[in-house]
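You will see subunit A twice below: alongside subunit B first, and alongside subunit C after that.
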Partner chain A sequence: MIRRIYHSLGVQKFIRNRLALAALAVILLYFAAAGVVLLGGITLEEATQRAGPDNVPGFLETAAPEKRLQFCRFYLEPVERALKKKDPAAALREIAFAERRAAEKPAAELARIVESAFEIVDELSESENLYDQPALLPRLAALEAKVDSLYAPLEGSEVFWRRLRLSLGTDRQGRSIAIRAVYSIKVAVQVGLVTALVSVFVGSLLGGAAAYFGGWMDHLVIWLYSTFSSIPSLVLLAVLVYMFTGSPFEGTLIPVYFALCMTSWIGPCRITRGEVLKLKELEYVQAAASIGFGRLYILLRHILPNTVHLMLINFSLLFISAIKAEVILSFLGLGVKNEPSWGVMINYSTQEVINEFFWQIGAATAFMFVLVLAFNVLSDALQDAFDPRTVLVSAKER
Partner chain B sequence: MWFYILRRLLYNVPVYLGIIFFMMLALRVNDPIWAFLGKNASREQYEAFAAKAGLDRPFLSQYARFLADLATLNFSAESWDQPGKSARDLLLAAIVPSLAITIPALILTSLVSIAIGLAAAHFRGRWVDRALMIAAVLGMSISVLVYIVLGQYFGAFWLKKHFGWSPFEIAGYEPGLSSWSTYCLLPVLISVAVAMGYDTRFYRAVMVEECGRDYITTARAKGAGAGKVLFVHMLKNAMIPIITNIMITLPFLIGGEILMEVYFNIPGMGRRLLTAIVAKDFPVVQVFTAMFAALFILTNILTDILYAIFDPRVRLS
Partner chain C sequence: MPLVEVKRLVKHFPLRGGVFNRELGKVHALNGVSFRIERGEILGVVGESGCGKSTLGKAAIRLLEPTSGSIFYDGQEITRLAHARLMPFRRRMQIIFQDPYSSLNPRLTVRAMLRETIRFHGAAGRREVEKAIDELIGKVGLRPDAREKFPHEFSGGQRQRIGIARALAVRPEFIVADEPVSSLDVSIQAQILNLLMDLQEEYGLTMLFISHDLKIIEHFCDRMLVMYLGYAVEELPCENAGERALHPYTRALLGANPIDDPDDRRPLAVLQGDVPSPFDLPKGCPFAGRCPLVEERCRREMPPLEEKTGGQKVACWAVE
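What follows is the complex of A and B.
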């Protein structure tokens, strides 16, 4: 059976398409990443904790002197505050920016360093524009060294993790963009998989049954899908998500799944119905009927397996539209609220873009772009290999 | 022909009834009165409000009442969020700003993407075609939001900051033709860019399919020039898929423009509906969704009629 599938014309054609295989590899990589996140590789806490100062630029960009001064101040202040408390040692232990923790030095020594560091800060703050005064840059470097000595040196793998965490910078609340972008893969893959699987399953079954049984079943299914497709999808999505406000599911992925499944079964249903209308007239179906097989059995055993290629193509297309829709819903404030997702990130980044900080929108876009591109390439290849006659059955969405 | 139109209209009546039914049901799953009054309202307040809004009656009677209102175009239900304004006032105020974006966007998208589709089909297999199609796939893979956010940044901030040239306003809307380009041109251009990827690919596929037909060979054999074959013979025959695609896009444009309207603060239908949903302004949500669905169905019927005009075979089936 497997060998027969492997040697079939469509599969062979698909395998010869190098680009499609590369896209498939990319998709599997994303799925693996989602699996790692799901199994606890990155916890939600890690994605929402403060990793450093606000809007640290990513790996390619060196921060402007003003920014560097600001960052130094950011790292100085909690230590200063902790030293003023009744129990400085306990307060110091509580300081944590992911891996970065306060140094285990006597409080008096730390206080000395803080004091001398603030002297430099005051001195540097006096000058209006640090760009124009290269003479002050060594002072800034000295300040940074002092600030570094306030914190425990990172050891072994910590250095690597710290670098990775700040590789794409931090957002307006000092959270690591890289971690959030990777965590969002989980949300995207979850939404895509659930929506695409449920919609393809329900759509194919309904479409197949409508075409094969005909009669009132056909009328009912056509009425159902024309009804659902006659409401602009964004409006329907908004109303369906709105149904959940006030319920314990508000802000989770459940309303998103529900809304997306309710709107996306239509595409596969329509296409499967068309295909089954053709298939049911073929001789092998008539032969099966004449042997005396039941109608349901023929539909499930003989007809629907012959539409698997359409299911595959639809799965791929729906995956794309689900990810895009999830991002739009999150952007409108109707999607997930307690987890990061690419839409949430893009929504956050609108304030940063005005301040010319592009790391967050860039990271979210890049991560999403690669996945959607891979699926677009895969859909094209699947269509080429298995359904070359149809011009384009692309599910049209934005 | 008239019989065909009548048949299409009748066919869509149950569909519209179904839409209204589902929408009204979905809007009542989460009790709209509690949502609007808040959890602290007293039982008496609730009942008084329900009686005033007519929400205390059984669902089917509400359904019949709303259908009657729709049939007589009576949208006088008062908005909860903005007392004193009826749903009709809000609707009428929102139509023009919506059309100010939708229509130019649709025309521009269709013209440009048909032109690109023709070009790609003409040069099919060569590097021009490849480059265009790669660009289309790349463009399709970027989220709409990125187009909007970056489009607004570069169009309204960056140009002003670096070139001192500010052709576009950041957001907002003012009625009148003279201020159209400052407020609406940028959203229109962005939505054209968004729609481009899918549309050029579709038009190219249609044109390439037509290229292989016998009548093209015949026209060539008879000595028609490349231009004539492309624009007269092929374009005319490709009209059916083109019209379908434009008409399919129409309702999606309404949907797609919701995002533009929200982001650019244009008081169109989509933005009004979305703010009503967030403000739990139940009567407005109900009327607006009903209007959206009606628009959708009317465009569907119009598509069918155009079909029948361009291809008489459709009428008979």
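What follows is the complex of A and C.
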């Protein structure tokens, strides 16, 4: 069976399309990432904890001296506060920025370092503009070395994870943008998969039944989808999500699933209806009727399987449109609330963009862009490979 | 008792459109066609395209619901039988289609297709079904490795053989062959016709053979029914049809047939004008506008299909 599928014309044609294979690889990578998140590789706690100071720039940008001074202060202050507590050792143990923890040194020694560090901080703070005073940079470097010695050196894989965590910087609550962007893949893939699967299934079945049985069934389905598509889809989405306010599902993905499924079954339904109207007149369908098969059997065995190519294409189209809709809903505050999502990230980044910090909005859009682009390429390739007309043509050419 | 008898079969297709999907008119595909086929006989149906040949074939086995008229199968009326009551008759009559490309489901292998058909009509045991599939594939002259192939892996002629195998899978006694060779190359046509002839002899099949090719009809059938615009205008034995033909339309049809003798030259009586539209039928005989023998009466009344000489029936006022 698998061998037969592999050797079928459509699959062979798909495999020859290198761009499509690359897109498929990207999509599989995303799915793998979503799987890792789903299996607990990245926990929600990790995605919401503080990993460092606010607005740390990502790997491409070096921090300005002003900002470096600010970061040093950020790392100094919790140690200073801890040392003033009754039980400094216990308070020190509580300091944690993801992998980074306070050094296990005697309190007296730490106090000495903190004191000398603050001297440099005061000295540097007095000068108005650190940009214009390169002479002060060695002092800044010395300060950074002192701050570093307050914290335990990272070991082994921790170095790598730390670097990865800060590779795209942090947002204005010090949370790792990289982690949040990757965690958002899970939300996106969940929304995309559920919406696309349910909509394609329901839409194809309704459209197929409407076209094949005709009569009141057809009228009902046409009336349903005309009604739904006469309401602007974003408004309908918002209304459907609002329906859940106050319910226990508020803020989870359930309202998003529901709203997206209610609006996106229309596309596959229409397309399948049109195709089945054509297919039901074909002679193999009449042949099946002359053998005496029941109408439902003919629909499910002889007609709908011949619209599989449409289902595949619709699936990949709906997958991306669902993801985009989820991002918009979350951006408007109607989607997910308790988890990170690209929409939530973009919503957060509005404040940062004013301060010329683009890492969060950049990361969220880039992650979404790559996925959407890959899916667009894939659905084009699927269309080329599995449309029975083109498959038939190439079969005759052989 | 004839195996199949059709009486005054009428089929109209409503033409809908405009606001509220009103019925704008009707296509008069069949206007009261009657015929009977004895057991083991092959009745050819001939006529130009659009004259209702295929509609007649499909309506005769209840693939299309006739508007009026009645169909008797083996003495029982099946015109209005519901799905379940029709089921025992379904397995006794089958159809072979014209287009070998659209008549096979592209997603089913030959084996899957034959298996569902055989199992649907009784045969139960796995081994029994597999044996029946092998036998059918052999019977229609396909190689045994055709079992696991998909339709697109076959040529047109081979596909037509698969279509025949599917029709035979339920062991029918009556087969409607709806232009089974029209879309095939001439060399393949002969093969398929020979196959049909062998099978007809072997199983004692009764057939309604639809074609627009007079040569094939004359060669293959016992009697032929000539159709024009949804009417049966003449029914005659195929032997020496050229000399027997009485109806002016049949004569024109047979006269248009190429003669395989270069010295035998006759002036060609080419029909003038066009077939009237099936949307609004002319009053009286549909052929009146093109008929060389037209009389005053033809434009007023449709002549009935009446028996003239030796089992030959003609619908024409001018023929005595």
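Please note the rule applied: the second predicted complex is superposed on the first by the 377 of 398 C-alpha atoms of A that agree within 3 Å, B and C clash if a C-alpha of one lies under 4 Å from a C-alpha of the other, contacts with A are read in each partner's own complex, and residues count from 1 in each chain.
Rule of thumb we're sticking to: contacts are C-beta pairs under 8 Å (C-beta built on N, C-alpha and C of every residue); 3 or more make two chains touch, one makes a residue touch a chain.
Not measured: the values here are computed from a predicted model.
Counting the residues of subunit A touched by each of subunit B and subunit C gives the higher count for B.
Touch criterion not met for A:43: it reaches neither subunit B nor subunit C. When the shared chain is aligned, no partner comes close enough to touch A:127: not subunit B, not subunit C.
In the superposition on chain A, A:282 makes contact with subunit C only, while subunit B stays out of contact range. Judged by the touch definition given at the top, the superposed model places A:301 against subunit C, while subunit B stays out of reach.
In the superposition on chain A, contact is made by A:291 with subunit C only, not with subunit B. Of the two partner chains, subunit B is the only one touched by A:226; subunit C is not.
Counting contacts as defined above, subunit A residues 391-392 meet subunit B in one complex and subunit C in the other.
Every residue of subunit A that touches subunit B in the complex is listed here, in rising order: 223-224, 226-228, 230-235, 238-240, 242-247, 324, 327-328, 331-333, 342-343, 346-347, 349-350, 353-354, 361, 365, 368-369, 372-373, 376-377, 380, 391-392, 394, 396-398. Of all residues in subunit B, those touching subunit A in their complex are 12, 14-16, 18-19, 22-23, 26-27, 29-30, 34-35, 137-138, 140-146, 149-150, 153, 157, 194-195, 198, 201-202, 205-206, 209, 241, 248-249, 251-252, 254-256, 258-259, 262, 270, 273-274, 277-278, 285, 289, 292-293, 296-297, 300. Only residues 9, 282-284, 286-294, 301-302, 305-306, 308, 388, 391-392, 395 of subunit A touch subunit C when the two sit together in their complex.
Partner subunit A is touched in their complex by these residues of subunit C: 58, 61, 63, 83, 86-87, 90-91, 93-95, 97-99, 101-108, 116-117, 120-121, 152-153, 163, 166-167, 170.
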